[in-house]
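First chain written, first letter: the chains are A, B, C and D, and each begins at residue 1.
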Amino acid sequence: MHLPAERNESLTKKNFPPTHFAYLKESVLSPRLSISGFATTARLLFTACIVILSTLVPALAEQPEPSPKPDIYRLTDIFQPQSRPAELIMEPTYLVLLICFGIFAVVVAVLVYVLIKFRPRGPQDHLEEPPQVYGSYNIEMAWTVIPCLIVFVLVLVSSRSIVEIQDQPMPEDAIKIRLIGHQWWWEVQYPDLGITTANEIHVPVSSKNGPPRPTHLFLESADVIHSFWVPQLAGKTDLVPNRLNHTWVEPYKTGVFVGNCAEYCGTQHANMLLRVIVQTPEDFEKWAVNQKQLPTEPQDALAIQGKKDFYALSCVNCHKIDASPAEGVFGPDLTKFAVRQTLGAGVALNTPENLHDWLLSPDSLKPGCYMPDMKLSPQQLSSLVAYLQTLK
Amino acid sequence: MINPDSEDPKFVEIPEPTGWPIIAAFGLVLLFAGLVTSFFITFLGVLVCLAGFAGWFLDVFPHPKHYAVPLEEAPEPHTTARSIKYLKIGHLGHRMRLPVEVPPLMAGVKGGIVGAVAMAILACAWGFFKYGSIWYPVNLLSAAAVPSLAEASQAALSQFNLLGFIVAVISHGSVSIMIGLLYIVLLPMLPAKFEWFWGGIMTPLIWSGFLFATIRFINPALAVHVDWPWFIVCQVAFGMVCGFVVFKEEKVETMQSLTLAAKLGIEAPEENS
Amino acid sequence: MAQEIIIEENYRMPAPVHVGDEKGSLTRVIQQLVFTVDHKKLGLMYIAAGLLFFVIAGLLAGLIRMQLAFPNNHFLPPDVYNQSFTMHGTTMIFLVGMPMAFGFANYLVPLMIGARDMAFPRLNAFGFWVFFFSGLLLYFSYVGAPGLYAAGSAPDVGWFAYSPLTTKAFSRGHSTDYWTLSLLLGGIGSVATALNILVTVFCMRCPGMTLGRLPIFVWCMVVLSFLVILALPCLSACQIMISLDRYLGAKFFDTQAGGDAVLWQHFFWIFGHPEVYILIMPAFAITSEVIPVFSRKPIFGYPVMVAAVVAIAFISLGVWAHHMFCVGMVSLANAFFVTSTLLVSIPTGIKIFNWLATMYGGKLRFELPLIFCIAFLFQFLIAGLTGVMLAVAPFDWQLSDSYFVVAHFHYILIGGLLFTIFAGIYYWYPKAFGKLPNHKLGLWHFWLFAIGFHITFLPQHFLGFLGMPRRIYTYQSDRGWDEMNLLSTIGVAIQSAGILFFVYNLIYSYFWGKKSGDDPWDAWTLEWATTSPPPEYNFAKLPLVKSRRPLWDAKHPEDPDWKHE
Amino acid sequence: MNSATTENPADWKLPSARKFGILTLILAESALFTIFVVAYLFYMGKSLNGPYPSEVLEFPLLGTLALFSSSGTIFMAERCLLAGNKPGFSLWWGITTALGIYFLYFTGAEWHHLIFEKNLLISTNTFGTTFYSLVGLHAFHVIVGVLLLLGILISSLRGRLHSDHTEHVEAISYYWHFVDCIWIVVLTVVYFLSVRVQP
C-alpha cells in the first residue's frame, strides 16, 4: 500500500511552523489555495482579512497554477460532497440556504431603511412624538402566513430527504463494515471478509453511471459515545454503547478522505481521526486479500529480536496479531500494522521515526491516551520498530 | 396614576432584613460540598441548614417581621415637553390599530379552499388527458415529501398511492388556505379596478416564478415532469377563483390614495385621503 | 395577605433611604447586602455576581481561543482545555445567563407592576445565595481534591455531560460530582426565584395592572419563570440520577448494566432546549422595552408579541431532540422534531418583524440602549437563520457538533442575549444609580465589542462548513482551518477591549456621571414613576394603572392611552 | 377596555400568594416526578438480571389505604378550621400526621424486606435503580409533608394558630393532596404495570 506522497510531511509532528510569524506567511501564500469550491472562496476571504490586519504582505499573491488533483482530501468541505449520501444532503441544504439568504437580505434591507429614514433630524425633532400606531392586522397576518408557508415547504423537503438518506435499503452485495469506537481509536471489522483493522476504512469506489457499490457501516461503541463523520462522504452518525446504529457511504472518487470523531469523548477527542481510503475495486480486492493473510515473517536479526521482545513484553495483553500469542483486545489489531498510514488514530504518520517516538513515549505524542509508556530500552525500541515494520 | 383610595401614610411597612436565608443557603451548600470532600462537612451542613430554616420560620411565624420606613417627599409629577403628532383625525380615527376594518378570516379560508378545488380539477384534468391518470399530478405534488415517489417511474406515478394522496391533500389544502389568508390582506392593497389582474394573474405569476427558480430543490420529481404552461394556468386559476371568492365574501374597501406603508398598516396615513 | 400592620415603636435597623446610595463604612455596606431581603439590592447583586462570573468565563474563553489560535498548539494540555470549555459553558449558562435574567427580573418586575417587593422576600434572598454559593462550589473544584496540580479536579465532561462519559468508569475522582452537585444546588435556587417571580406577577400587581396591561418585559419574565419551573426540575432529576449512579452504584446510565446512554440525552435536552429559550427571554424582554421608548411609539402588535412569546415557550418544550439528530432516531422522529423546531421560527420571526415595525414611523433616538438593541436585531436575525439551517435534519447531520453550531449559539447568546443585557444595563443604569452612563465610553464599548464579536464568530460558521468539529483541543495544520481560527482569536482580544470600556464606564459613571433625574428617557412603564434610585418601599402610594403605558397617561393628560386601548 | 376608567381599586382582587406559590411548587415537582416516572417506564422489563418486579413486589395495601385516607382527614381538618372548631382541627390534623407517619413506616418495612430478604439493592439492576429512586423520591416528599404537618400540629396544640393562618394550612393541604396524587401514579406504574411486564 503506497502512501500518498503529497504533503505527507505536514502531518508529522516535527512539522510545526518555526515561528507563528513565519507560519502566517506560509499559510497566506500557500499554494493550497488552489483547491476549488467553497473552501477557496472562504479561505481567500479570510486570508485577505489577515493580510489587511497584519499588513504582512503587500498584496495577495496571484492565484497559482492549479496543482494536480490531490488524492488526499484533507479539506473536509461539506460543500464538495464526493459520495451519494453527502450529495443527497445538499438538496435541502441549498434550499434552506437560499431561503435564509433571501430572508436575511430582505430584513436587513428593511432594517437599514428604517434606521436611515427615521433617524433623528435636527435639534427640535425630539420635541414631537410621532403618531402612535399600535399594530396592524394586515401586516401581522402577512408575516405570520408567509413564514408558515416557508416552514411548510421546508418540512416537506426535509422529511423526504431524511427518509431518502436514513432509510436507504442495503443491497445484498454491499460491503458491510462493523465500526467500533474506542477511546480514542476506531476498530474496523469486515465481518463478511474476516478482516479486522483500525483507524482506516478501505472502501471500493462507486460510480454514478454503473451499478452502485455502497458501503454500509454498522456503528457500535466499546465505551463512550463517539460519532462517525467524514464530511465529504456522509453526515454524522453517533456510535452509542448498547445500540446499533447504521450509516452508509457511496463515494464517487478514489483517494483518502479524512474525518473526525464528532462527539466529545474525553481527553483525546481531538486526535480521534479517521481515514476513509476509497480504492478502485481491483485495489480494494488486493488490499482485502492481503489483509486476510498472515503477516510476513521477519527476516533480519533485529526484527526477529523485535518479535521476541513483542511477545515477551506486555504488548500482547492489549494487541492482537493473528496466529501468535498476542491476543489482546484493548488496543488496535496489529496484524497488518505496517500497511496502515497513520499511528495513534491519525496523530502522526506511520513512519519508523514516528513509531519510535510513539513507543518511547505515547503520552508526549497523544497526552492522556491509554497506550502505556513501556519504559523500553533503546535496543528494545529499535527492535520493536523493526519488527512492527514487517507486519505487512 | 394617583390611587384615590389610599390615604397619606407616614410610614411604609417593609420586611425586616434577616440573616437566616443566607445561613440556610450556606448550610445547603455545605451539605452538598461534603459529598465531594468529607462527610463531616455534610453533617455540619445539615446542622447549619436546620438552624437557618428554623430561624427563617421564626421570622415569618406567627407574623412576618416588618419594620416601618418613613416616607420621603413624593417624586415630581411627571410631565413632558413633547407634543404628539396626531394621526389624521376623522377618516381613520386617531391612534388605533390600522387598518380599522378587520378582514374576515373566514373569507380567506373559503377562498383558499375553493381556489384549491379549482386548481386540483385543472391539474387532474391535465394528468388525465396527457397521461391518462388523474393520480399523476397528485403523486407529483406529494413527491416533495415522499422519497419513493420522487424516484418513481412514469408508470408508478400514474398509480394511486395512498400515502401520496394523503400528503398531497394535506399540503395542497394547507398551502391553499394560507394563500387565501394572504389574499384577504393583499387584495385591499392592490390598485382599484384591476384587482382581478393583479390578484388573479400577476400574483400567481410571481409565485410561479419563485417556484420555477427553486422547484429543483423543493420537488425534483415535479421539476422533471412538470408541464410549465399548464402549471401556470393552474396557478392563475387558483388566483382568479380565490380572489373572486374573497371579493364576493367581503367587499373590502381599497385604500387607493394611501402609501404602501399605510396600506400595510405599519405607518399612519398623514395627509388627507 | 391580611396581616394587620404592626408598627414597632422603635425599630432596630434604620433603613438606607435609597438603594445603591448607602452611606457608611464598607463593613456596613456588606452587612446590609448580606442581610438584605430587598428585591432591588438582590437584583443588583444577581447582576453583579453574573458579571463577575462572566469575566471569569470570558477568561476561560480566552484560554480556549489562545489554544486554538494555531494548529498543533501546546499552550494548554488536553485535560485543561477540556476543563476550560466545560467550565466556560457551565458558567455562562448557569452562572451568567440565568442570574442576569433573574437580576433584571428581580429589580424590575416589582417596580413595573407597581409592587413594594417580591411576594416572598426572604425566599428571594435564599434563592440568590444558593445560586451564588453553587457557583463558588463549582469553582472550588479547581482547588478541591486532589489539589492544585493538573488544575484540581474541575469538571471536564462538557456542560451537557453525556453519559456514559460521566460514569465512574470514565470519569474518576470527584470532578463530575462537582458539576452535578453544583447544578443541583443552583437548580434549587433557580426554581425558588422563578416561583417568586411568578407569584409576584400574579398576586402582587397594583390596582388596574391587568394581565393585558403588563409590560412585555414582565410577560417575558413570566414565560421565563414558567419555563424554569418546568425545565429546571428535569435537570435536577438528571443530576439526582447521575449522583445515584456515582455514589450508590445505581444503573441509570451504566451502559454495562443495561443502562441507556441516549436516555440521558433525552432527559438532558428536555431541560436543555427550554433552557435556551430561558436564556433568550431577557433579550426579548429588554428589546421590547427599549425599542418602543427610543422609537417613541408603543410596541407594535402587543397581543401578537405576547402570544408569540407564549407560543415560543410552548413549542420549545417539544423540540428537544433536534440536538440528537445524529444519535440514530427513527426517521419519523427526526421528521417530527424538524417540524416542531421549524415551527419555533414562526413566532420568532413575528417578533423580529414587529420590532422592526415598532421602529418604522417612529423617531429614533440613538442612545446606547437602542444601539445595542439594533445590533441585537441584526445578530439575532443571523442566529435565527442559522438556527433554521440547523433545524433541517440532513443539513444538521453535517453541521451538528461542528463549529457552525458554536457560531450559531454564540450569535444567540452573545449577539443576542449579551448585547441586550448591555442595552438593559445602560437603560436602567440611571434607574439604579441616578447617573447617566457615559455615551462616548459606551460607543467605544459598542463598536469594539460588536466588531470583535463578528470577527470572532463569523469565521466559525465557515470552520463548520470546512468540517471542524467542536471541543477539539488541537488540529493539524493542513485542514484549512488555520487562518480562520487565528482570526477568531484576534476577535476575542478586540472584544476584551470592549469589555474593559464597559467596566470602566460602569465605574466612571457611578462616580462622575451626569445626574440623570428620575426619568431620563421619557419612558412609560411604572419603574420610572418613582424616584431614581427608588426608595426601599418603591412607591409611597401604590399607583393606579389604566393602560399599558401609565406614564404616558400621566404625561399626556390631554390624550391618554386608556381612551384608545 | 374603557371600563378601566371606572375601575374601583377597592375591587382589585388577586389570588393568594401562598396558594399560588404552592401550586407553582407543585408544578415544578410534577416535572421532577415526570422524569423519574418516564425513567421507570423506560426501563420496565429491561433489567438484565433479577430480581424482577413480579418476583418481589407485593401490593402495598395498608400503606396505600393510610395515604389515601389521610387526604380525607386533612380535608376534614380544613373544614373544622374554617368552621372555627379548633379542637376538631387538631384531632383531624393529628390523625393525618399519624397516617403519614404510618405510611413512612410501611415503606421502611417494605424496603427492609426487599433489601435484606430479596437482595434487591439500588445497584442490583435497572429495576432496583428506578424503583428505589422513584419510590424514594415520593417517600422524601412524604417526609417533608409530615414535617410540615407536625409543625402545624405543634403550633395548633400550643394555641399559636390564628385565623389568618388558614392560608398556610390550605397551602400545606394542597401539598399533601399532591403527594397523594403522586402515589396514585407510582402505584399504577410500579405496582400495577411493572409486575405484569415479563422480563
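Just so we're on the same page, a contact is a pair of C-beta atoms (placed from the backbone, for glycine too) under 8 Å apart; a residue touches a chain by one contact, two chains touch by 3 or more.
Just so it is clear, the structure is predicted and the values come from calculations on it, not from any experiment.
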Select, from A-C and A-B, the pair of chains that is joined by more C-beta pairs in contact. A-C
Chain with the smallest distance from its CA centroid to the overall CA centroid? C
Centre-to-centre distance between subunit C and subunit A (centres being mean Cα positions), rounded to whole Å: 34
Counting in whole Å, what is the centre-to-centre distance of subunit A and subunit D, each centre being its mean C-alpha position? 53
Using mean CA coordinates as chain centres, what's the gap between subunit B and subunit D in Å? 41
Quick check: what residues of subunit C touch more than one other chain, meaning two or more? 3, 207, 258-260, 296, 300, 357, 360-361, 544, 564-565
Touching at least two other chains at once: which residues of subunit A meet that condition? 91-92, 126, 128-136, 139, 148, 155, 157, 159, 161, 163, 167
Two or more other chains touching the same residue: where does that happen in subunit D? 9
As the complex stands, subunit C meets subunit A at residues 70, 72, 77-79, 82, 156-158, 162, 164-165, 169-170, 255, 258-262, 295-298, 300-304, 326-328, 331, 334-335, 338-339, 342-343, 345-346, 349-350, 352-354, 356-357, 359-366, 374, 377-378, 381-382, 385-386, 388-389, 391-402, 459, 462, 465-480, 482-484, 486-487, 490, 564-565
Residue set of subunit B touching subunit A in the complex reads 81-87, 95-99, 102-103, 143-147, 150, 167, 171, 174-175, 178-179, 181-182, 184-186, 188-189, 214, 217-220, 263-268, 270
Which residues, counting only subunit A, touch subunit C once they are in their complex? 7, 10-11, 13, 15-17, 20, 23-24, 27-28, 32, 38-39, 42-43, 46-47, 49-50, 53, 74-79, 86, 88-89, 91-93, 96-97, 99-100, 103-104, 107-108, 110-111, 114-115, 118-120, 125-126, 128-136, 139-140, 143-144, 147-148, 151, 154-155, 157-159, 161-163, 165-167, 183, 219, 223-225, 227, 229, 231-232, 234-238, 240-243, 245-246, 258-271, 367-368
Within the complex, subunit B is touched by subunit A residues 91-92, 94-95, 98, 126-139, 141-142, 145-146, 148-149, 152-153, 155-157, 159-161, 163-164, 167
Taking the complex as given, what residues does subunit D use to touch subunit B? 8-10, 151, 155, 160, 162, 165
